[in-house]
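Order of writing sets the labels: A, B, C and D. Residues in every chain begin at 1.
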Amino acid sequence: MRRRDFLKISVAGAAGTSLLAAPRYLRAQGPIKIGMPAALSGSYAQYGIQAKRAADLFSKDIKAKGILGRPVEFIFEDTAGDPAAAVRKAQKLVEKDGVKFLTGVALSSEALAVSAKCPEWKVLFMSTINGAGALTAKSFHRYFFRVNTSGPMGARAISLYLAESPMKRFFALGSDYAWGRDSAASFTQQITAAKKDIVGSDYPPVGTKDFASYIAKIRQSRAEGVYLALPGQDATIYMKQAHQFGLNREVKPIMEILELENMKAVGDAMVGAIGSSRYPFTVDTPKNKEFVKRFHELHGMYPDMFDGETYEGLEWLAQVIAKAGTDDVEKVIEAWEDSTYEGLEGPFLMRKCDHQAVQPGFAVECVKDPKYPHPIPKILATYPGDKVTPKCRTEEFS
Amino acid sequence: MANVLEQLLNALALAGLLFLVSAGLSLVFGILRVVNFAHGVFYMLGAYLGFTTVALSGWFWPALLVVPPVVGAIGALLESSTLRFIYRRPPIYQLLLTFGLALILEESIRVLYGPTAKGVDPPPLLQGAIDLGGVLYPRYRLFLVVLGCTVGVAVWLFLRKTRAGLVIRAVAQNSEMADCLGADVVRVRTLVFGAACALAGLGGVAAAPMTTAYLGMGIGVIVDAFVVVVIGGLGSIGGSMAGEEE
Amino acid sequence: MTPLLETRELGRAFGALQAVAGVNLAVQPMELRAVIGPNGAGKTTLFHLISGLLAPTSGRVIFRGDDVTALAAPARCRRGISRTFQITSIFPELSVLENVRVAVQLKAGDNFRLLGGRSVLEASEQRARDSLRLLGLIDRADELASTLPHGDQRLLEIAMAVAQEPELLLLDEPTQGLSPEDTVATVGVIRQVARERKLTIILVEHDMDVVFDLADRISVLHFGQLIAEGTAAEVRANADVQKAYLGGLD
Amino acid sequence: MIPSRLWALAALVALAVVPWVLARHQLSLLTDLLIAGLFAMSLDLIMGYTGMVSFGHAAYFGLGAYASALVLLHFAQPVPVALLAGALLAGAVAVPVGWFSTRATGIYFAMLTLAFAQFLYTVAYKWRDLTGGSDGIAGVPKTALFWGGPSLTSPHAFYFVVATCVVVSLFVCLAVVRSPFGRALQAIRENERRFTSLGRDPRPFKLVVFVIAAAFAGLAGALFAPFRGFASPEVMFWVFSGQGLMMVIMGGIGTLVGPILGAMLFILIQEVLSSYTEHWMIFTGVVFVLIVIFLPGGLVGTARRLGARA
């Protein structure tokens, strides 16, 4: 059986029931197709897989009613985290499968490459994972929407938290590529604005296996906290080694993003780390509790950041299509601009000016809780959307 | 001064791991005349199997003993089912074949273990840091230094003092000697390949508590190991020890 | 008459081993000189020194009155020294004709014609065919070199060298590995080539019958040193030579 | 057996006709296949005809892509200018790299080219002001065919640009390998010592062909940037160099046409399998290993052998 057919069957039930319910003229239009050129293999597969998990849950949830009475079909393509493959797969989804909505792209480099093509293809690109500030600033165009918290927003949330903390001296450690350097720069700027000190910074290359020399440098700087913008794997290795060196007791680790995946991989050595979270599954809203329960029933695990953010994106998109009354891309864009949505963590607003979703920001701490098999993010502070969202089409904050 | 000591220990701990990988790479090139691109993947396989063994038994130590032979056996099996048939071809075919094997193994591990890194805790005895005259240094890294030295000495003794070691050295120095081994040459190749993989597997198990077991760790290590081996002189096992000093 | 090739105190050491030591040779134009000696006497090393594949550690090589010691192998070839190898050295996956044609082309120049160059190809092909005809290989011109029998491969290698129209031809054991019949045939071909092309030839050979049959003069190497030189009869009578060979044959 | 001229004619006609037969996404795919084919073919020039295995060929593809992207994005020049820029930059950088690398042979040559390629990759990765770092350069436009000419945004128009480049490149490469220079290269591949003793230093030959191959790889990259609309460091990564080697072996080393087909096969396998399973890499690996063991001549080499036997 073709995998694609298999995936279709996961929504075929929806099609079956909804087709019966839908009027004849709607049935003729067929399903609403959402293309996901996601990194399902390679080093960044965990992000693509999160997007897929969210889509699986969403198609189960939407099964009964569909969107506009039409079934929803997800078409997955594996990009392996390579921007060239991402554009190729996206192009195939658009040209062959007739997809009008693209989402689930994992890496910023992939997103920038695919997004740049969307005006030409006239399809809507919904980011639920990509952090690069440029997507809603320099590279913005009207076919792009970002539902997730961006990198600068995450840095903002943790900076706001640190501004109120007693810690005064910080060290910035960012991976030596766009995201790591941008995050470190953004953090430095905001910490300095809060009249605190950056006592050192360094940029290990991506894929560093031995952080011993960086750990020595951080210790020597006598910083009280170390800001870490390291991608998944590197963060895991850093945390393990810093724990072995006993550094985590002396210098508070502050993660640009504090992911569940890291907590699972690192285990107890991660406890005590703080950081920003784009979506902590421990948010105490009725809607989120319900979501976490359904997610756990389906997948047997707790949702990570992009599980939550992607689910929100899909639900919001469905809501907007329903509001527009059509899946015509231009009409959907108009309907989405300045619309609101009740997300898992609270209220969302899609700004018309740069299509960045204004939403709450979180500072969290990694803690142990006997109710869970692994450490979990505990919410330290929640900041309202207007405090953590940058000025329109910039990466600056007022 | 304390800093110098720390840097020195760091270099030694890493060199120990790298030695386990590059020694095998060098050995395989010396005897089989094959640049084994898949060698790093056996290191990764060692780390993942180490994770499994620790998860099943709850202990770290058995992994050090159990995993290397298993990795070695898998390596020997792959050699005898693929590489064995193409030794007569130009070297590029062997290099590319191992490239293909590396893809297959790496993806297979991903299928079995999923994309997430697998953390392995060091044994309780080696957890935490120890005070070395003002320097807090992780016990586990000290263990890696000891392990690297022990295996290094063991390999050296094996090559210098045993008959099998003599044959291996002879073949490594003069590839035409392989023909003089007659019918045994097939078996020697398989055994050497397996042994090299076992060394890499041991390196992987030992690395897991420090770096976790993760996808791509094989590719990362193979590039470093190539550098070591080329600096130390391809095919010379002593060379790969010397090349560590960087 | 000035010699075509001269070596003066030519020597080459590999570490502690003195493979060739203080060899003085003078080969006259049109001469057919054989270099003999027991295994390990330094014959092939001497060839490498003359053809430029190895640089000497002492002494000089004079060709046509010019000091060519500093020249690398390709330059010496272009000046007129062509050679064959002890272990057959051809281009196995090219055709017989192409093997010889490339040899002509490489010496003649115009090798960097990236496009077209048909005239270059045709000119060199003509000379290649002549050479193949001379060596009796013309019927096999279109076969792959690797498919030739061993004897023909040895001849092909000579054809490549001859096609370059050298003044000095170095043949390193041309009958090595050949059957007695093939050896006789090859000797005949070499003699014919020498006569027709008016070549000066230096020959390294193991087979004494071949040497005594072909050579005008014979030089004897032993442990890297020249111990005797003269006509076949003179060398045969030389006591040092007898000792070296008897000593070498124990 | 059908003579190769007829095959060539048939292939040309097919290339000219297919755009009117294929669906839009198939045409995109075909364009992609042709670009990869050009890349693999350029690698075959050094690998198959000169016996130099470069493990860093992707770097020149990448240089071409960046040069083309920058020219199109910042100077809005016609596409052919960008193509020329890509080929020239790749060729120019290959001069010093080749000068050093051709001092080594065999596996050492492979390692040296790999090292230089990784260095170039690192430059692309770190020089953020120029290359956009890891994010790359997105939004590369397909400009006009000539100054004031029509834009090439339609899939058909760009396909014909690519197809023309590939066909012309193939004929140029075929002419090169049949020229006196090309014959000399094959002699180097067969026996470098014999080559030396026949009167020429092989290194200038190797350097020239290395630069030519790099320029064609650069041309492929220069086509890639406007086609996909971006350039990023991934296209310079050694993995892509390794895939290039796989394409050459799969299609048939030393045949020029073979690697083009090999590249097509490689990407098609990936394209088809990745729709069924994200574990497509395993199958690609298995297919590749089987080809290496059982079909050392690749597709074309094997077909020729069977043809010769029939």
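Criterion: a contact is a pair of C-beta atoms (placed from the backbone, for glycine too) under 8 Å apart; a residue touches a chain by one contact, two chains touch by 3 or more.
Everything numeric here is computed off the predicted structure, so don't read it as measured data.
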*Using mean Cα positions, find the chain sitting nearest the overall protein centre.*
D
_For chain A paired with chain B, centre-to-centre distance based on mean C-alpha positions, whole Å_ = 37
*So how far apart, in whole Å, are chain A and chain C when each is placed at the average of its C-alpha atoms?*
74
_With centres defined as the mean C-alpha position, give me the chain B-chain C separation in Å._
49
*For chain A, write out the residues touching at least two other chains, lowest number first.*
41, 45
*Shared-contact residues (touching 2 or more other chains) in chain D*: 279, 281
*asked:* Under the stated touch criterion, can you name all the chain pairs that qualify?
replied: A-B, A-D, B-D, C-D
_So in the complex, the part of chain D that touches chain B is made up of which residues?_
47, 53, 106-108, 110-111, 118, 242, 245-246, 249, 279, 281-282, 284-286, 288-289, 292-293, 296
_List of chain A residues in touch with chain B within their complex_ = 41-43, 45-46, 49, 207, 209-210, 212-213, 216, 232-233, 236-237, 240-241, 244-246, 261, 264-267
*For chain D, which residues are in contact with chain A within the complex?*
23-26, 28-29, 32, 125-126, 128, 132-136, 138-140, 153, 224, 228-230, 232, 234-235, 271, 274-281
*Which positions of chain B touch chain A when the two form their complex?*
3, 6-7, 10, 14, 107, 110, 115-119, 121-122, 127-129, 136-141, 209-212, 214-217, 220-221
*Across the complex, what residues on chain C touch chain D?*
51, 53, 72-74, 77-78, 82-83, 85, 89-94, 98, 101-103, 105-107, 110-117, 120-121, 124, 160, 164
